[in-house]
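Both complexes below contain subunit A, partnered by subunit B and then by subunit C.
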Partner chain A sequence: MSTGSVEVVYRGIFQKTLAKNICRGVVFAAKKEGKIGTAFGRYSDSPERNGIPAKQFAVVSDTHDELQEHLARYEPDNNDVTIACDDTLCKGIESWAWYGLQPINKLLKKGGTLLVTSFQSPNKLINFIHRKGEPYNLALIRAQASFSGLWVYKDDHTDARLLGALAKVAPHIVGIDAICEVIEEQWKDDLKVISARKSFDATKSQPVSAEQGNEEVPFSFEKPGWKTMEEGLVIRGISAEKQVVAGRDGGYVPTRNATFKKYSTRTMRPVINFDTCTKCTLCWLNCPDTCFDITPDGLYDANMDACCGCGVCEAVCPVADCVTMVNEEAFDDNASQWEMWVKDKKGYETWMTEKISDQPARTHGFHHVGQYAEEATNESA
Partner chain B sequence: MSDVIEESLEDYIKTQVLEPWKGPKNVPEQEYFTSGHRTCQGCESAQIMKLMAKAAGPRTVILGSTGCMYVANTTYYSTPWVVPWMHTQLGSAGSAAVGTAAGLKVQMRKGKMAKEPINVIVFCGDGGGADMGLSAISAALQHTHYNLLILMYDNESYANTDIQVSGSSPWGANSTFSPPGKARRIMNRRWKKNMAGMMAAGHPDCKYVATVCTSAPMEAMNSVRKALSIGGPTFIHSLDPCPKGWDYDPMFSHEIGELAIETGIWPLYEIEEGKITMYGKSRRILRGQLKRKPVADYLMRQGRFAHFIDEDIEYFQGKIDEMWEKWLIPGVIPIAAPA
Partner chain C sequence: MNPPKTATAETMVTGGTEELISGSEAIAHACRLADVDVITAYPIRPYDTVMQYVSQMISNGDFDCEFIVAESEHSQFEIVKHASAVGARVFVGSSGVGWFYAFEALAVTAGLRIPMVAMVGNRALDDPGAFGVEHNDALAVRDLGWMLVWVETAQEALDTALIAYRVAEDKRIFLPIAISCDGAFLTHSQAIVNVPDQATVDSFLPRYDRGDKLLHPDNPITIAPQANEDWVMEIRRQSDAAMRRTRDVITEAYEDFGDKFGREQEPFIERYMMEDAEIALVGMGTLALPVKVAVRKMRAQGQKVGFVRVRWFRPFPTEELQDVLSGVAAVGVIDRDYSFGSTFHSGVLANELRSALYPVENRPKIISFIAGLGGREVNTDNVIVIAGMVADAAAGGDMNDQDTYWIGVRE
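Here is the complex of A and B:
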């Protein structure tokens, strides 16, 4: 008599099919073992937006009644396993306004396992992940985050590998044999079965203590109750006045939405070379997220609370290498680059040069069916 | 009350005088649609909201029908709007604009509000505008005694509900309702609806109709300013590249819009009191100063056209060539020019 649940946290649209495949796989495998399961996306994440963190769940029970009992909760909050399909999600997720920033391990039960797709070291990830206050385990799949488009799935076996790893860290939910059987049945691909088995064999989890992790308190705000909401669904607008920020007199920092900041959407961030900036305004004018603060000296400082990492600023900047998109993993905080530059220009140059030297390929953009298979064949040839 | 009634109608149809901004350095810093909206990375519809609100300024009421720019901007008690904003139903962008403009006028006439010109803007998506809201928009464009601007942000599909085909979707594009298959490659066989041209041609009293694109941000803002200054009901059709539904890397949002203009697929023009002017790169194309890029440059950058074979690209190119070579005004009046 037991129920187990798996939470899959992923990047909206880019990993929609990946998350669906994982949850479907869990449910079908549970059935093979004579259990009953169901998978569902979180209503509030729909409609999904590119990059914005979203969740799907798979719940498995021994009996129908147990499953019903579990599903009566709005959102499973005591999960055996949380799967983060992209390691930058470890910095916390803000999928919709009423959460503020939610630590990636928030809905994981004590002693549960956080399964992450990453090339980073476990210790580096633990520095990103908020301190849980309870011990849990961390397991890694060595892979780059698998991003597809809306129409075409990048079938790089990440789904099979995560399912194999899941069977290792939570055998009480689904076993590896059932998983392999389902992969064979659903995808009719022996290679995927091998990927799942290999991943099962290779996956090791390590304990994370209650005290380990990022000490930062994730941002939150006062939520209105049913009785404090205003009639007619009135939402208070944002102030038209600029923000008063110390050291920013003469510049312009717009007041921003305090209940949705969007930075957890980011997988890349712009690094700006203030020495070569010509103040042409194009990044500021073309940023769909209004993330550029105007500094007192007329430069444009990308506000890291508001930037969602689309990369339009890099694309429109007319100066070579003035704006460079860098993998979000390379950064520990949302500090202002301009302030860093003002304080120590030489030091900033060193910092910037180091950051922009590491530019992993952008993986999004699989346009036609079979494109990934073609690329993989070409690479191995 | 008699003195109130005797006041001339002109008092109430005054508009704000919004001069065009010359160059991005003259654009004010204030934002009226700020950060913190739940749109996709690289969302150009959010960008046109930002530009539109900036161009209109603080004394503005904005309304919006259901769509991405409603759902992403105001769900869960959270909003990036600075100026007053109100939601209206999918097909009722036009009626909401007329109602609001009329309401403001009545409030002012009754002395409940200070008399001042307030901009009324309603936005709708291509689904809410070109499909469901067409009749209400048409009706609004005949209410010449109200000042209002209808801005249709066109991401060429029902993008909010995960990309279903709309009357504004381009020929052949992949969508949830038109997935290419083995037996039939091209599922959406309708050519895109020509909204701006239709609005201009069919509403002789409408003083201003324009097409804009976020990739020409200064022109887009000045177009909004002109529409609000000229008075009466006005219409702007904005093409917004959509990384989610068009399937490209969000960083190319600006570039894809530029390509739409440079390939001639999206002609930029304004129709002011019946006089048609092409502007920006479209004018240079018309004058022969700029050669149109092949449409493949635009189409092949997007996953929604990935199933196209040479034949499809040729068909698309042929339609665009025809528009530029045979139509009286590209994208507006499909009458062969006299030889």
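Here is the complex of A and C:
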């Protein structure tokens, strides 16, 4: 008599099919073992927005009565396993209908396993992940985040490999034999079965103590009650006055929405070379999230609380090496780059050179015909 | 009444396949199995998922029908109304304010006695633009001649859609039916569903035959003329008579469905652990899921509590509700809807039930609860709190049965 649940956290649109394949795979495999299950998405995440953290769930029970307790739920808690399909999600997640930053391990039960696709070291990820206050386990599979689009699926076996790893870390939910049978049936592809088995064999988890992890208190705010909320669905405008920033005289920092940060959408961030900037204003004008602060010396500093990582600034910048999109994993905080540059220009140059060397394939969907083939060639090389 | 049999491998009389599908996909399968001729669509969440599955079936070559994407919900419902008049079996649907945009077409469909089957993916009305479930969208047509039914699971959605065609298109009836499926909890949740085979469906569901009411050059008739005060009351009385006849037709359809498909269920309501219940909870749709779990938990602690799920809201199951609730001490009605300014500011179901139980001797106290609006989760703990308040009313406590209690709202 038991129930097990798997939470799959993924990047909206880019990993939608990946998440669906995992959850359906779990339910089908559980059925092979005589159990009953359900698969569903967190409803408020849909219609999905590109890259915005979204969730799907698979819940598996021994009996119908047990399963019933977990139906008609918005977001199951106490999950046995949380799968982060992209390791930058370890920094915390804010869906477009969630107001506040949710730690990636928040809905994971004590002693459960966080399973992440990543090429980073476990210790590096633990530094990103918020402190849980309860022990849990971390397991990694070495895999690309497998971003694709709404109408295309990049079938690089990440789904099969995650299912294989899941059978290793949570055999009480589904066993590897059932997983392999389902993969064979659903995809009719022996290579995918082999991928799942290899992943099962290779997956190891390591304990994470209650006190390990990012100490930062995740951003949150109190929702008003019906007696305190303004009537008539009125939202007061944000003041047009500029924000006062300690130590800055001049420039312009707009006041931003204090309750919706959006930055957990980001898997890449712009790094700015302030020495080559011509102050042409194009990044500032074209940024869809108004994320550029104007500095007192007339430069443009991307504010990392507001940046979604879309890459428009890099695309419109007319200077060859002024704006470079860099893997979000390379950063530990959201501090101002301009302030770092002002303080120590030499040091900033060293820092910037190191950061822009880290540009893995983390494209947002597919932009041109033939891109899939190019990426596949690069990855196999 | 015996508890309904659950569909298991043993009770399955028919073949068919087991699929992992959502409530919306189950409805799409029902359209395919009913061999619907004309489907119109206009996107709105959560109904749009039905469109996706239907168009997928058509493009895969599994289903052949006219699939028309209209330019608005009003046209969407008008097109199928006309298609039905010329003899096409039709399917249509919408959600929330999309359903309301079609409101004129909804009214004339019932007035013209068009046997349309619609799916309402229940959604909160704008504003605010929320996607989650509320029942006010479908309930808005409750006085117009639409039959209204709520389902709990994807299996029930598929089964009810097949039953709906049989009932709506019965010549004794010729009225439209709206099948309500709770947004998210049913439309977007995948469960293992038995999808019956075509032969069994064909043995249950006859072809749509309008007889001499077919709009066709070989059968020259006019439908929908202008008529004024000297005609209207008689027309309304005909619709009323048709609605009164639905009880027998629905009962027959469920009996035959049970025989053919091996899934028997009481047509109008579901009685859950009501045999010796001293207090009862009443609700519709997927609300039944947490309520059943809560009822089992409370039963395990010796509390005599039961649950009645209202399937059909139109025709309203007055006799069944009088029968099952007349003996209990107090009833808690959980509405996933609101009726601002109504009697005791209660939900629609609560006041309808008060009316149904008024003539009954030993009528129970009826306490009205509003919960789960806009898709907010109603969990087992909420239900246990509600049942505690109903038990307090039964014991003569200070619960006010002339007021309404909001559960899970932030003060």
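The rule we apply is simple: the second predicted complex is superposed on the first by the 353 of 381 C-alpha atoms of A that agree within 3 Å, B and C clash if a C-alpha of one lies under 4 Å from a C-alpha of the other, contacts with A are read in each partner's own complex, and residues count from 1 in each chain.
Definition applied: a contact is a pair of C-beta atoms (placed from the backbone, for glycine too) under 8 Å apart; a residue touches a chain by one contact, two chains touch by 3 or more.
Everything numeric in this text was worked out from a predicted model, so none of it was measured.
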| After the match on subunit A, would you call subunit B and subunit C a fit or a clash? | fit
| Following superposition on chain A: angle at subunit A, subunit B versus subunit C, Cα, nearest 10° | 70
| First (subunit B), second (subunit C), both or neither: which does A:172 touch? | neither
| task | With the two complexes superposed on chain A, say which partner A:224 touches: subunit B (first), subunit C (second), both, or neither. | result | both
| query | When the two structures are overlaid on chain A, which partner does A:27 contact: first (subunit B), second (subunit C), both, or neither? | reply | second
| subunit A residues in contact: does subunit B have more, or subunit C? | B
| message | Looking at A:312 after the superposition, I want to know if it touches subunit B, subunit C, both of them or none. Which is it: first, second, both, neither? | response | first
| Counting only touches as set out at the top, which of subunit B and subunit C does A:240 meet: first, second, both, neither? | first
| query | Does subunit B (first) or subunit C (second) touch A:41, or do both, or does neither? | reply | second
| field | After fitting on chain A: smallest Cα gap, subunit B-subunit C, Å | value | 6
| Looking at subunit A, which of its residues have contacts with both subunit B and subunit C? | 44, 47, 223-224
| note | Contacts from subunit A onto subunit C in the complex sit at residues 24, 27-28, 31, 36-41, 43-44, 46-47, 64-65, 68-69, 71-74, 223-227, 233
| query | Can you list the subunit A residues touching subunit B in their complex? | reply | 12-13, 44, 47-52, 96-98, 149-152, 223-224, 229, 235, 237-240, 242, 252, 254-262, 265, 280-282, 285-291, 294, 303, 305-306, 308-312, 314-316, 325, 362, 364-368
| message | Per the contact definition, I'd like the list of subunit C residues that touch subunit A in the complex. | response | 6, 20, 22, 45-46, 127-128, 131-132, 182-185, 188-192, 286-287, 289-290, 292-293, 296, 375-380, 409-411
| message | Taking the touch rule as given, give the residues of subunit B at its contact with subunit A in the complex, in rising order. | response | 24-25, 27, 29-44, 46-47, 50, 58, 68, 71-72, 74-85, 160-163, 174, 179, 214, 217-218, 243-245, 247-255, 302-304, 306-307
